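Common to both upcoming complexes is chain A, partnered first by chain B, then by chain C.
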Partner chain A sequence: MNLFGLFQISGSALAAERLRAEVATSNLANADTTRTAEGGPYRRRVVVFNSQPNSQFRLLLANTLSAGAAPPAGGVRVTQVVEDPSPPQRRYEPGHPDADAAGYVAYPAISPVQEMVDLMGAERAYELNASAVQAAKQMIQQALQILK
Partner chain B sequence: MSVVETPLMQVLSRALDLTATRQGLVSQNVANVDTPGYKAQDINFRQELERALGDEEGRQTAPLVRDVPGLIERPDGNNVSLERESLLMAQNQLAFQVDVELLRAEFNRLQLAINGGNGQ
Partner chain C sequence: MSINGVSPNLPVSPPGWRQSAIPLPPSSSFGETLREAVSAVDNLNQDAGYKVTSLVEGDGVDVHDAMIAVEKADLAFQLMLQLRNKVVQAYQQIAGMQF
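Here is the complex of A and B:
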């Protein structure tokens, strides 16, 4: 295991968690958006996390260095951002320009509480990964101490 | 065994390698804390160290990585425990530091022997 490889693993998680926080923030910001480019109200977005498969090169390298070895550790990545399929909330607002014939306006089905919880989860996970980076940094610095 | 590589150095360098590998797995587990279906992975440190030292030819074989048993699985199939990983991270860091310090001390002793005890 290359100590510098730890940065890549934790870095991938930092990027993924930040994207998750961005999506949650975007959901919160658009909680009352009734018009979008695709038409209709804004739809809640959700990130899909996937453990990162190791690149062919790294697998090959690991196999060459030691036959029958376990594959090197991998990080995480966001494979896609999907739209929540739940139907929009209908509120009775006859004066609204986007109201239908019956006077109902379709609002995004977004729960601020749910988004805040998601945001907090992303924040904590980001923190933990940042401390993993700190740990890796410290270990590399200590390894350099052998030379002194 | 050569003159400049003592048995203790061999043990310490293998231990450092394994600690780094373990830290990699901890990083991986922490990175995948929100990945559905992911299972926490680890190595058996003691077993791997004994195996690495038992190899007469000094071949470097990669340690066996396996799923951690006994963790509680969440509804999304993920079983990463943040407490376990944080503790292991701290433990790994300290173990690494101890190994490095011991290795430095060993090198210093060797230096002392080379200089015939006349200071460093």
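Here is the complex of A and C:
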């Protein structure tokens, strides 16, 4: 772990949480979207977080230095943004241009409350990781104090 | 049952190690080391400057990326400053020696 390893880990988490907030916001914004480029209503999107794989070199180094120990800590990253497979809500609106023959319009299955909670979760997680950056900074500054 | 004594041709180093496979780097001078350290700090500084410029120009750099780069540059500079203070202090102590 180098001097700025903590920054790298927290930075990756900050980027991931920001993307999560973006996706939640996009879901909120498109809660009533009935037309998309792919056709049909907008589909709710969900991020998938994946722990960042360590490079082969770091794994090998850690294994050589202490065999059997847990692999070194790594960051997180969003590997994919998947679409929620739940079926769209059907509302009876015969006058809507996207209504089918029976007069039903397919709306995205998005609950604004759920998206707001997800957004708040992302916001708090961002805050936490920003605090971790502060902690890393203070640790380095404490170490520099030793020299004074 | 006979126990073999330690024979002199047993490999001393672990099997995975090759002896003197990597030549030691030529010892660099103090000035060389210092120059490398200062240029490393300067690199971090330039990186921070570049990221902040990109951020205010709207080039899609994440805010936290720019802030972390600035913090890195700040901490590296503080470390360099402390080392410089220590070196100057040592020099002054030697220069002030009384015989």
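The rule is simple: the second predicted complex is superposed on the first by the 135 of 148 C-alpha atoms of A that agree within 3 Å, B and C clash if a C-alpha of one lies under 4 Å from a C-alpha of the other, contacts with A are read in each partner's own complex, and residues count from 1 in each chain.
Simple rule for what comes next: contacts are C-beta pairs under 8 Å (C-beta built on N, C-alpha and C of every residue); 3 or more make two chains touch, one makes a residue touch a chain.
Treat the numbers as computed from the prediction; the structure is a model and nothing was measured.
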{"item": "Superposed partners chain B and chain C on chain A - clash or fit", "value": "fit"}
{"item": "Superposition-derived comparison: chain B or chain C, residues of chain A touched", "value": "B"}
{"item": "Computed vertex angle (chain A) for partners chain B and chain C, CA, steps of 10°", "value": "40"}
{"item": "Partner chain in contact with A:F4 - chain B first, chain C second, else both or neither", "value": "second"}
{"item": "Partner chain(s) touched by A:Q80 [first = chain B, second = chain C, both, neither]", "value": "neither"}
{"item": "Partner chain(s) touched by A:K137 [first = chain B, second = chain C, both, neither]", "value": "second"}
{"item": "Which superposed partner A:R18 touches (first chain B, second chain C, both, neither)", "value": "second"}
{"item": "Overlay on shared chain A, then closest C-alpha pair between chain B and chain C (Å)", "value": "9"}
{"item": "Footprint overlap on chain A, where chain B in one structure and chain C in the other make contact", "value": "3, 10, 148"}
{"item": "Residue ranges of chain C touching chain A (in the complex, touch as defined)", "value": "62, 64-65, 67-68, 71-72, 75, 78-79, 82-83, 85-86"}
{"item": "Contact set on chain A toward chain B in their complex", "value": "1-3, 5-6, 9-10, 12-13, 16-17, 20, 49-51, 62, 65-66, 68-76, 121, 125, 128-129, 131-132, 135-136, 138-139, 142-143, 145-146, 148"}
{"item": "Parts of chain A lying in touch with chain C, wherever the complex brings them together", "value": "3-4, 7, 10-11, 14-15, 18, 130, 133, 137, 140-141, 144, 147-148"}
{"item": "Touching residues (chain side chain B, partner chain A) in the complex", "value": "16-17, 19-21, 23-28, 30-36, 38, 41, 59-65, 82, 85-86, 89-90, 92-93, 96-97, 100, 103-104, 107"}
